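In what comes next, chain A is part of two complexes: it sits with chain B in the first one and with chain C in the second one.
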Partner chain A sequence: MIRFEGVSRKFGEVLAVDGLDLEVFDRELCVLVGPSGSGKSTVLRMVNRLVEPSEGLVFVDGREVGSLKVETLRLGIGYVIQGVGLFPHLTVAANVAVVPELLGWPKGRIARRVGDMLELVGLDPGRYGRRFPFELSGGEAQRVGVARALASDPPILLMDEPFSAVDPVNRLRLQTEFLAIQRTLRKTVVFVTHDVDEAIRLADRVAVLKSGRLIQYDVPETLLERPNSPFIADFVGADRALKRLSRFTVRDWMQPTAGTTDAAIAVDLDASLRDALSTMLGSRARTIRVHDRDHRPAGEIGLQDIERAAECGTR
Partner chain B sequence: MRRRNLGPWAVFGALSAVFLVMTLDRSALAAFLSALFPREGELLYPRASLVVLVGEHLSLAAISSLLAAAVGIGAGVLATRPGLETFASAAGRLAAVAQTVPPAAVLALAVPAVGFGFAPTVAALFLYSILPIFRNTMSGLAGVDGEVVDAARGLGMGRARILRTVELPLAAPVIVAGLRTAVVVNIGTATVGATIGAGGLGAPIVSGLVNQNPAYLTEGAVAVALLALAVDSLFAAVGKSLATAAPDRAEGSI
Partner chain C sequence: MPFDFTVIARNLDYLLWGRTASGEIGGLLLTVAMAVESGIIALVLGIALALVAWRWSGWVRRILLALADLVRGVPLIFVIFWIYFLIPALFGSSVPNSRSVVIALAWFSSAAVLYSTLSGLLAIPRGQYEAGIASGLGPGRVLWSILLPQAIRNLIPSFIGLFVSLIKDTSLAFIVNVPELTYVSSQVNNRTQVYPTEIFLFAGVVYYLLCEGLTLAANSLASASRRTGKTAAKSR
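Showing the complex of A and B:
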């Protein structure tokens, strides 16, 4: 669990973080979101002491981070950054092995772990292990970044705009894959983004920041239904109902009656209901087919299923 | 998927072979010089064999370059540590001044202080070659992607470890380019040492000038040129393989 108590941070005369009180709960994915300059990255970087607070205290598992040896603290916290920051002179496998090696794991255990991690993020260890970062696409590099952060199985994961540099299609896939990983691993995650849609889609709880101050901290449903200020209402946008739909997946609301619809239009099993609705509106169809990753038919989903989801408050 | 490019190594091999034949086979060298200068009575520099001269020359260049590398790389590393920016600019200016002074002037100034011979020559070459090494170390380290260093810190690496396993390997091609410049310049400039009795391949050149014997002069000059080319090609080959190991960073100097 991560706790901020009255934390402020000044850079010169600029107050980047202003009197922050925030608690990130165990095994939750907490998204810090806000416009640029809201201080969200600074908040994240104070957890692993890449930035030290000017005032106030940060606690990880009840211990004040300033009281811990900085390397020890960081070795227990996974870290993923926007530009990935893979070591360009090391292979993919060596990149993933960095933290286990710092921890002095035996060679065999490291090799097994590297293989497991690459498989976890959907990369074939045999194909990718010996490649260099410059031989990877943006999405693949981002996956390696996640694998590297998870390699020593740290309880906490810090992710600073990890998917911002990839194109929208790949971003959606990375988000879906990461959600699936998070559902099994249940890490305590602090995730920074400037993208409200990404925040709503991924978060267990969203903290909206503005000019270094925490404006609202709630589960996404509450944030969308009861914004506490005009700023939040404006920030989440007028398409709140649609944003809520982005938290539901087709998989959970479709009818598994494969092959009954002859509609030509299809949507992916892991797509959100928002995407499904968009596909329906775009194709003027009230019902569309659902297929899995390998384009095998999995069922169908209709407008009434989406309405059902929209009326239902929670996931 | 590292491709081995043997081209640079082949160039180094060929140049060293020619150089070794010239140094070790005295009769071949004599035949070569007599073909060039058929009317010259004395062909080979009499006071020392090329093997000895090359040995002296290489130790002049090697010792001065090693000292310059230690100081230049050390200062370059210090200058890029956070909080030492003032040191960086001061060291940069000092190194620039050291390179502006011509080696001949350093020799002239050093003789009264430390006497004739080996030591003042090494001192002059040392001062002269710090700058390219220092400058390249600095720019190589400054050119390491800040995100990579940030990631290394965030993952829990200490400062020394980041320098050793991340920064220096990534800066290596640029640092080696600086060493290459320094060493090759030192091999050429070490000939000046002969004027104050440091020996080396400058000795036959100076003697050839004094005695108006073009054969002595050629012996020394061709040997220095071949030595410089061979060492230069060695650095080119090393630099190339380093650039392959860190493929996204181009080999180069500033």
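Showing the complex of A and C:
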């Protein structure tokens, strides 16, 4: 659990974070969202002490971070950043192995762990382990970044716009996969983005920042239905109903009966209802097929299923 | 005047090896040995100083860079003279002349290695350092196993360039009677009297081939390693 108590941070004259009180709950995915320069990265970086607060205290598991040995603190915190995070002179496998090696794990255990982690993020260890970062696509590089951050199984994961350098299609895929990973691992995650859609889709709880101040901290449904200020209402936008749909997955609302629909149109099992709806509208079909990751048929989903979900309050 | 290159053939052994057979290394072999020796010292010293200058970015760095400027601002031949006269004055006994030239060359080149290594370290994106310490590595460890390997990889061409100048600069040892290629060439010339063009043309060509060959080898090595991905073209 991560707690900020009256935390401020000044850079010269700039007040990047202004009197922040925030509690990130155990095993929840907390998304920090806000316009550029609102202090999101600064908040995140105060958790692993890449930045020290000017005022106030940050706690991890009830212990003030300043009182811990900084290397020890960081070993328990995975960190994923956009762009330059991977070490270009090391292979993918060596990148993932950095922290386990630092912890002095035996070779065999490291090798197994590296394989497991690459598989977890959907990369074939045999094909990707020996590559160098510049031989990866942007999406693959970000997957490796996640694998590296998770390698030593740290309880906390900090992610600073991890998917924002990836094209929209791949970003959606990465989000879906990351959600699936998070459902099984249940880490305490602080995730920074400036993309409201991404925030709504991923978050257990969303913290909206503006000019270094926390404006609203709530579960996505509340944020969408009861924005506490015109700023938030404006920020989440007019398409709230659609945004809510992005929190439901096809898997939970489809009809598993093997498709009687002969429509060629299909969506992925792990796609969101929002994606399913836009696929239906795009193909003028009221019912479409659902397939799993390997393109095997898994059932079908119709407009009435989506309506059912929209009427339902929670996921 | 017709040229007679048989003088080269007749003195080839002496030009290449000097009196190496009788225990006194000389000729081209000494040229290469001096360049390699001073190159290794300069590399180790220069990189070590660059690491120190990177780690302590305040006045330590400023002092080191000022010293390096001082070293680089004096013509190499003066450094050779200083060391040639200084070492006997300080230690009483004289060291072999080739030794003092190696020290002078190493001293001079380590300043250049310090400069290029430091700028290579500073050129690595800041996110690399951050990703390192955020993983729990200490600053020294990040420097040694994350930043330095990347910097060195980018610096290999400039190190080769330095080594090529080192080879050429060993000819200054001629001034203090070290029997390297230039000196033995002039010895042969003095002995035979009539073939200066042939002899010095030959010496020049040997220097040229050595340096050019090295440069070519380095380039093809660099492009080969780029192809196999040992050199990171861009950092992620």
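The criterion applied here is as follows: the second predicted complex is superposed on the first by the 314 of 315 C-alpha atoms of A that agree within 3 Å, B and C clash if a C-alpha of one lies under 4 Å from a C-alpha of the other, contacts with A are read in each partner's own complex, and residues count from 1 in each chain.
Heads up, the rule we're going with is that a residue touches a chain if its C-beta (ideal position, glycine included) is under 8 Å from a C-beta of that chain, and two chains touch if they have at least 3 such contacts.
It should be emphasised that the depicted structure is a prediction, and the values quoted were computed from it without experimental measurement.
Chain B and chain C, once both complexes are superposed via chain A, clash. When the two complexes are overlaid on their common chain A, residue A:Ala141 makes contact with chain C while staying clear of chain B.
Look at A:Phe132: by the touch rule set out above, it reaches both chain B and chain C. Legend: residue contacts after superposition of the two complexes on their common chain; A:Val206 is shown touching neither chain B nor chain C.
Legend: residue contacts after superposition of the two complexes on their common chain; A:Val24 is shown touching neither chain B nor chain C. In the superposed model, A:Val267 makes contact with neither chain B nor chain C. When the two structures are aligned on the shared chain, A:Pro88 is found in touch with chain B and with chain C. Taken together, the two structures place residues 48, 50, 71-72, 74-75, 77, 79, 81, 83-89, 98-99, 102, 131-135, 148 of chain A in contact with chain B in one case and with chain C in the other. The touching residues of chain B, when paired with chain A in their complex, are 1, 145, 147-148, 150-158, 161, 166, 169-170, 245-249. Taken together, the chain A residues at the contact with chain C in this complex read 48, 50, 71-72, 74-75, 77, 79, 81, 83-89, 98-99, 102, 131-136, 141, 148.
Considering their complex, residues 48, 50, 71-75, 77, 79, 81-89, 98-99, 102, 130-135, 148-149, 158 of chain A touch chain B.
Interface residues of chain C facing chain A in the complex, by the touch rule stated above, are 125, 127-128, 130-138, 146, 149-150, 153, 229-230, 232-236.
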